[in-house]
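Got a structure for you, questions after.
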Amino acid sequence: MPAQMQQILDAINTDLRDDPDRGEVASYIPELGQVDPHQFAITVATADGQIYSAGDATTRFSAQSITKVFTLAIALGRSGDQLWRRVGREPSGTAFNSIVQLEHERGRPRNPFVNAGAIVTTDEVLAGREPREALAEFLSFIRAAAEDDDIHINADVARSETAHGHRNFAHAHFLASFGNLKNDPDKVLGTYFHHCATELTTTQLARAGRFLIGADCHPRMVSLDRVRRLNALMLTCGHYDGSGEFAYRVGLPAKSGVGGGILGVVPGKASIAVWSPGLDRNGNSKLGTEAMERLAREMDWSVF
Amino acid sequence: MPAQMQQILDAINTDLRDDPDRGEVASYIPELGQVDPHQFAITVATADGQIYSAGDATTRFSAQSITKVFTLAIALGRSGDQLWRRVGREPSGTAFNSIVQLEHERGRPRNPFVNAGAIVTTDEVLAGREPREALAEFLSFIRAAAEDDDIHINADVARSETAHGHRNFAHAHFLASFGNLKNDPDKVLGTYFHHCATELTTTQLARAGRFLIGADCHPRMVSLDRVRRLNALMLTCGHYDGSGEFAYRVGLPAKSGVGGGILGVVPGKASIAVWSPGLDRNGNSKLGTEAMERLAREMDWSVF
Amino acid sequence: MPAQMQQILDAINTDLRDDPDRGEVASYIPELGQVDPHQFAITVATADGQIYSAGDATTRFSAQSITKVFTLAIALGRSGDQLWRRVGREPSGTAFNSIVQLEHERGRPRNPFVNAGAIVTTDEVLAGREPREALAEFLSFIRAAAEDDDIHINADVARSETAHGHRNFAHAHFLASFGNLKNDPDKVLGTYFHHCATELTTTQLARAGRFLIGADCHPRMVSLDRVRRLNALMLTCGHYDGSGEFAYRVGLPAKSGVGGGILGVVPGKASIAVWSPGLDRNGNSKLGTEAMERLAREMDWSVF
Amino acid sequence: MPAQMQQILDAINTDLRDDPDRGEVASYIPELGQVDPHQFAITVATADGQIYSAGDATTRFSAQSITKVFTLAIALGRSGDQLWRRVGREPSGTAFNSIVQLEHERGRPRNPFVNAGAIVTTDEVLAGREPREALAEFLSFIRAAAEDDDIHINADVARSETAHGHRNFAHAHFLASFGNLKNDPDKVLGTYFHHCATELTTTQLARAGRFLIGADCHPRMVSLDRVRRLNALMLTCGHYDGSGEFAYRVGLPAKSGVGGGILGVVPGKASIAVWSPGLDRNGNSKLGTEAMERLAREMDWSVF
């Protein structure tokens, strides 16, 4: 398999890196808007400890919403099923930044991966502490998962998100108006914008995602039961209003970020990280999705 | 495994058939409202051809929305990906009978399992024919899948659904107003109410569901690619606005019906049918879901 | 005043009948789509019994939603305030044919002038009778109000509306699904499509509208209290989602129809009918609104 | 008339001040929650310069949303019809603090009287200045209108509103996310919370409202054309989602505040201020509405 895997990744990289139809790079903050759209990287970390990469797998990119998986794991570790009193587990049927559902369901976000839900999760992780303490716990977790301490937060990106984050401020205050925020909105968003500004390579991300493979995979960060539940949430809600489409085409639990990265999981077998900055109309990496679809088909990895 | 499987099913049946908290039986038509809520049945059909049952596995119940999986398979067989021009593949974020999304998205239902989507699928199967011809094709398909010709439609139930089906008539006319209905609304709904009125036992349903197991499973009704896509849709949309919850708790593709049945699939391994008439607040079988959750856990069958 | 009034109407007619920017004629049924958009008519019926007209004031046009005012008056005469259990009195904030509000407010239309509300009003007028009996009462009322028996329903238009009326069928069945329809949906819609298909001239319409002038105006069809309430509803809800705009620009209670007519009321002083087939984006007569605005300003007739 | 007017007001005061069914006092901030619900006041200022009062007409109450009429008049004076690019003129069909419409219409509030619309109006008045400058202009305007310099802002109330104003912060940031806020959200809300915290008596409010009577009424603050338009907006949108009901029952342009006050206008004749702290379910003064309804009927003042 190793030879075959490397060949598949190389072929995907060769075919996709010159694809002219790459989607649109996120431009709501300059730090993301200036990223070269022609980059592409893919890494697979297998359950037996192997790492396979192709493309720009040593270039760091902004993880953005992919970090929501890690903060969710931490929040569940801290609060257990209490968290579900504050946030639901259903696909939203609306855009990641829609506030309509939040009003209809009186301040309880549909799931932990839409922005409002991730703000609640971050609030749960913050838990009365200072943002830097919560961020230290977050970095600790993701570094331990990747077994790599060279993972950092880009403070410029976090600052820029704050300056352009009116929609997220609206969500945080709206949550607060329903009593569903325990900490000060500014502190919660400070923490949120910072963990989203984590930068890593596909190699680091694929390694960090191994804790979701389950089975006897190393390192064990959370229980197998919780791994399955995190994967279920990633499959049903991980791509916002494109989650059904991703499940249909790829058939794997995965979480996308507006920086163009996607973290995918093959239960029992592998963790996958892809990165291509251009996004489709739902805000998910266009070529990243195609790479995942092709890899899953060639490896026969669909969970279905 | 055979001995173990039978033991598990027997234990589930023993524990659940006396559970006092059984949910509410659907009462919008008398034929469903009069069903004895104390019944319970479970059947597993494995990829290697074995059948295991416990409880009232020879009692027929109304399949209702579970038939949407079969009409979807037929519609895709007739029209292929053209179908997706008329209906989406995303979870709805709303109740099975909500019309709000349909107005917001200008007459294109979110997925083939909400009522409006299933009406479109039925319209595609009807394809200019008379309802009895489309229903003959439907019965043919489900009987061939189950390898059992003793599966029938209860005309009384269909008639009663028609008499109480104002909400579905509203959906059909609404679809027609957007040009998303090719046949006369009355004919489409006549066909729709009839296929939903199919009655079968859990044994028959589990056998009919084998075509979704994939792998080399017998009988092969649709391609493996299509099987995977049907399963993806069942997992993300099969339980209406409780789909995320079902994925989180059970971790298997499944489709529920208001008659209290659930058809679940363990890709590559088994097809499962459970039946208990009482429903939870999302309209899915309460004890049926619990049985599925327990079976999946004990057999380690979650796809995640 | 008589001389002045005729001069004002003549000037409005002269200026508007050659206006090139006339809006779009409704085209959802051929009978409306074929109407010559270059026609224009205006008639004022004063409290003291005078009639002033300009333009095509002897040409008949399709009253459409303007008849909702008359069926509402009849329904209130039959049922009094009981009607308000079934329909609200608030502006909708949505299009005349939106079904979203109806789901959110569980089958109670926002007001009697959106389509769903007018269907409920028609259902109240029908009251278990045959459609022709209800229509006879309706014609009786409008003819008595106009003191003119030469007002008729165009059966071809009614038939065409029925054939293209899927959206209204959706509304009727949706109302029925919430138990807010007493008669069979087909009968209610048959009655609804027929009264909407009433044809009259601006002269006839202005005369028919005199019962809304109030004061000691002849003929007295309903009490002064009810007149005021009908006018309040026309002002807040008479132009669908353009009601606020009409109140802002014109400042008079009025009801528009998709045939291009508008019936306006100057409390205590006059009834106004204008007709120009081209519609603005909210479905209200474009030049009709401009004529009303100009007339109200020149006569100093705004209620504000 | 003078004697009659005083008798009517006295009778209303006598009847309503002991009414046991007074609605609920707003309690979202302690300053409002502590107001004695048994107070009642009514004042009429006529076009000919007379003032008639009954009840607690020298007790100050929090004007709250009633100030939106004054800031709207100022904003229109500064920017004219440019303002309407940023805010609509239609009733909302939703609660005063709903954010759903704002997402559906991409950041353009429905009218200047829902919270989001009043925030935009305040932003237009602020116009790059410091809040205290804008507030000075606002106080100048309302004092000139009332010809009374003893009208002030309660800074404690403004502070308390800020501390409990998450929903309004959500609206402001949401507007900013669509580019529909020119000034910093904190500054706009600081200004907004302060002008809402204006305290005055019914005597002062009725006098301040005289500029909306129109005709040759003293003092003339804005043109007659604008007066009519302000009145049209008050009639269609002045009572949030109870505006249709108020128009139906009372038939006068009016604006309510959560402090229990209502400012009403009888075009050409009078300005009315009522105050009773208890609110109905739409957030409008319960007894204040009843007082308005009775006064309008006895004086035959409905505009309809």
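Order of writing sets the labels: A, B, C and D. Residues in every chain begin at 1.
Just so it is clear, a contact is a pair of C-beta atoms (placed from the backbone, for glycine too) under 8 Å apart; a residue touches a chain by one contact, two chains touch by 3 or more.
Chain by chain, the UniProt names read as follows: A, B, C, D = Glutaminase.
All values derive from a computational prediction rather than experimental measurement.
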| message | What's the farthest chain from chain C (Glutaminase) if centres are computed as the mean of the Cα atoms? | response | A
| remark: Distance in whole angstrom between the CA centres of chain A (Glutaminase) and chain B (Glutaminase) is 32
| request: Quick one: report the Å distance separating chain B (Glutaminase) from chain D (Glutaminase), using the average Cα coordinate of each chain. | output: 55
| remark: Cα centroid separation, chain A (Glutaminase) vs chain D (Glutaminase), in Å, comes to 47
| Where chain A (Glutaminase) touches two or more other chains at once, by residue number | none
| Pairwise chain contacts, counting only pairs that touch as defined | A-B, A-D, B-C, C-D
| Interfacial residue positions of chain C (Glutaminase) with respect to chain D (Glutaminase) in the complex | 88-94, 101, 110-111, 214, 227-229, 231-233, 235-237, 241-245, 247-248, 251, 253, 267, 302-304
| task | Could you please specify the touching residues of chain C (Glutaminase) with respect to chain B (Glutaminase) in the complex? | result | 98-100, 103-104, 166-167, 169-174, 176-177, 185
